[in-house]
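Next up, some structures in structure tokens.
One chain, chain A, appears in both complexes that follow, with chain B as partner in the first and chain C in the second.
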Partner chain A sequence: MIIPEPLQLAIEEFSKFPGIGKKTAQRLALFLLRRHTDDVNRFIAAIEGLKENLHQCKTCYNITSSEYCEICSSPKRDHATLCVVEDASDIFAIERSNQFNGKYHVLGGVLSPLSGVGPESLKVKELLERLKSEDVHEVILALNPNTEGETTALYINKLLRGLPIKVTRIARGLPIGGDLEFSDEATIGRAVIGRVEYT
Partner chain B sequence: MIVRSLSLRNFRIHQSSSIDFSDTLNFIVGGNGEGKTSLLEGLYFLCTTRNFKAAADNELLRFGEESYEVNGIFQDTTIRKARIYYSAADTKRHYLLDGKSITRATDVIGKFPVVLLTPEDHQLTQGGPADRRKFIDSVISQSNVFYLSTLIEYNRIIKQRSALLNLLREQRRHDYLVELDAWDELLVKTGTTIIEIRQQFIEEFNQFICEAYSHIMPGEEQPVILYPLLQGSTEIVTESIFAERLAKRREEEIRRAANLTGPHRDDFIFMVNNTALKTYGSQGQHKTFQTALRFAEFFYLKMKAGTTPIFLLDDVFGELDTKRSSRISEYLKTVGQAFITITDFSNYRFLAKSEHDATIMVSRGSIGI
Partner chain C sequence: MIIPEPLQLAIEEFSKFPGIGKKTAQRLALFLLRRHTDDVNRFIAAIEGLKENLHQCKTCYNITSSEYCEICSSPKRDHATLCVVEDASDIFAIERSNQFNGKYHVLGGVLSPLSGVGPESLKVKELLERLKSEDVHEVILALNPNTEGETTALYINKLLRGLPIKVTRIARGLPIGGDLEFSDEATIGRAVIGRVEYT
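Showing the complex of A and B:
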């Protein structure tokens, strides 16, 4: 059977989403088709609003609806600590933990020569500018513990060497509530290597 | 671990073959092309989810048939049934363990440890450094998952670094050079871990290779594996030494856009009586060393894994003299269960066969007595 073109078009657009295959895309498109026009219009407005009303914070490159994001403009935030993350979604994750009251800097990726991501595609220069103008005492590198995240952290560490700023790296190891016997060997291995002394 | 039985349907030349095995030695006897090795292939397939000849499914499928099946019953503390099923219609291969579908190879690998000795093992002693690294890495990985994950990470770094070196060859940008520093640091850290684990392994494995070799050539020859760290150092390689070496070759690395220093280029030197086997070894010494490597692998994995691997020997006696062959056959009595293909018993009168051992006659893809 030939699928009508408008439906086909919607399916193709949906299948560009991460984690969405052809079959799910078809389900989503048909779901929308069955919805009331008002519901669909609200959906359209929500999507339009994403691009129209949201942009990057001018300071930290977080997602915001105003010029500067909520965190950057908050007076309650500790200006002396800066947490460097790969993506804005990492900010959401760290914020949920309620353990950090400093500010952020979103790099917008990690170094990966194979995918053509070099230092120039990341907000590294912007980070250095910030460190010049702001009174930052500590930079926390909160990048993912994989090969590329690790290298990016090492790279930034090299750039900051010589500046009167403390550079730290978030710890790697066992998850809270996790069981040693059910953790994978790589995680346990890293946790043993990165063990800490009681002080 | 013991393999109780194997059945093959439309696999290679076998239309429908079922065999119950002995707990000790299983001699699989038959002429060339009659289907001996296919039995080993089936066993190896069940143990690793991979075909050791890297054959495609349509090559494994018996000519003109629609689907093949390999079934095995293993016994450790409990009975486990493994099954591989392939259908040409959906070109999919299914692995089932105790009736449950397995999608990740890592769920099977290690459960049924297996050691395979084939005529292709001549590559181990006569081939290039890559063949020897593959052997050493595979033995360590089977007993040390941390090593495997470190090796995977190291290979990822090598790929990324090579892409960056390519960029630098085109354009020498300062920020790229600083990025290279960062990759270097990770390369050195991960690479040093690999070198250290390999070094510890070789030290331990040398005792196993000596033991195995002495069973085949008692008292006459002394084998040893040398591991010249970072292409030639006998001193201990620390992160700072590695970093120093790397820095020295940076210009050359950029010019050639290639990773020139690190454990991915290391070789392992096989020595017999203080001379290099590769250059000065006789055919007999090569074959003895290859056989000893597999026996050493077997006993090493047995010690590390805590379960006895199954031992597959494909045409091992082909190029060996009677003296060595009869010693190997004596030595085999100590491994437990093993599967040995031979062409004809009359040529192998030296074989020490005991009453528990089984003889499986294979002809034109059928099993006789």
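Showing the complex of A and C:
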């Protein structure tokens, strides 16, 4: 092959990223190759900083550069409501909505027997321990509306059944700006089932 | 903002890549954050290797890890045909077609007055020098079929007019596997103009 080995190696490394194919990987590697060394060093430093400066919050397993994350350390957040998410990126998404002022708990994945992910791989035990020690009134299960997310939500709901805690899940329905005509049957079905009365 | 600074920094760095938006950048940064440190170090080493081990071929300005690229050093390649391309990635693309056995010359860009790219920013002078010292019979202009590519091709064609060298350009027409119904007018127009007689 005519592509020199160091370039080939960089292309292979970029191909390992999710959603990055061979052609995009080549484009990204060539872009780096053409950039100024200072810019490339800045990129490398940022990546090194990721691994060196970030870790999981000791309470909620969110990503943080401190011992406890910004949300867990904030006195302004509602301690009584706990939102359970799959991943820290879900926290960023929910925070952008500005509709939630409680705290979070990151499971670090969802149940997936086929991929060998059982409850022991997730922060489920840690969730139960938090519920024992913290004064939580409501647990919101904000998992993705797919088979694995729903299964995990059902599993956690079952675990919490005995506790004096309200367990809810985020609503499913038509996305804002969405279109009935172009929505899939499952989404429309859930929107009909979850209809809300005008008050 | 709730995203910790080291992560934000990595997301910004990833956003600088062409075709990578904020959301993809976040996905890529989080993917790296979740990977094993060894894997991340391997990625960093590959990027460092790009800048340290690769440079331009002294003859054709292709990317190479040696002084002269694999194609320029090969005794099997036809010295009499020179294919002029915008970028080293175009060489990889043409090589994949297995239809060209000559040598290459990388311009390192195309003329773009609006972006301040004039002939002096490209390896045009170097091309003329090669044509003086090397025994080239044909120059193939393999530039992209867009305004800037066509302009650059016309410019080089004009420069070479006095020389005893055949100047050609790669054909424009329907792509293989393409469909007349879904092709744009410009492509169909060029395909009609460039029609070839059955022999």
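Everything that follows uses one rule, which is that the second predicted complex is superposed on the first by the 195 of 199 C-alpha atoms of A that agree within 3 Å, B and C clash if a C-alpha of one lies under 4 Å from a C-alpha of the other, contacts with A are read in each partner's own complex, and residues count from 1 in each chain.
Here is the rule we use: contacts are C-beta pairs under 8 Å (C-beta built on N, C-alpha and C of every residue); 3 or more make two chains touch, one makes a residue touch a chain.
The model shown is predicted, which means the values in this text are computed figures rather than measured ones.
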item	value
Chain B versus chain C as contact partner of A:Thr64, first or second or both or neither	second
First (chain B), second (chain C), both or neither touched by A:Ala10	second
Which of chain B and chain C A:Phe92 touches, first, second, both or neither	second
First (chain B), second (chain C), both or neither touched by A:Thr151	first
Of chain C and chain B, partner touching more chain A residues	C
Touched partner set for A:Arg27, first chain B, second chain C, both or neither	second
Partner chain in contact with A:Ser112 - chain B first, chain C second, else both or neither	first
Partner chain in contact with A:Glu120 - chain B first, chain C second, else both or neither	first
First (chain B), second (chain C), both or neither touched by A:Glu134	neither
Doubly contacted chain A residues - partners chain C and chain B	none
Chain A contact footprint on chain C (complex, rising order)	2-7, 9-10, 12-13, 16-20, 24, 26-33, 37, 39-40, 42-44, 46-54, 63-65, 69-71, 87-89, 91-92, 95
For the chain A and chain B complex, residues of the former touching the latter	111-114, 118-120, 147-148, 150-152, 154-155, 157-159, 184-186, 189
Touching residues (chain side chain B, partner chain A) in the complex	145-146, 149-150, 153, 156-157, 159-161, 163-164, 166-167, 175-176, 178-179, 181-183, 185-186
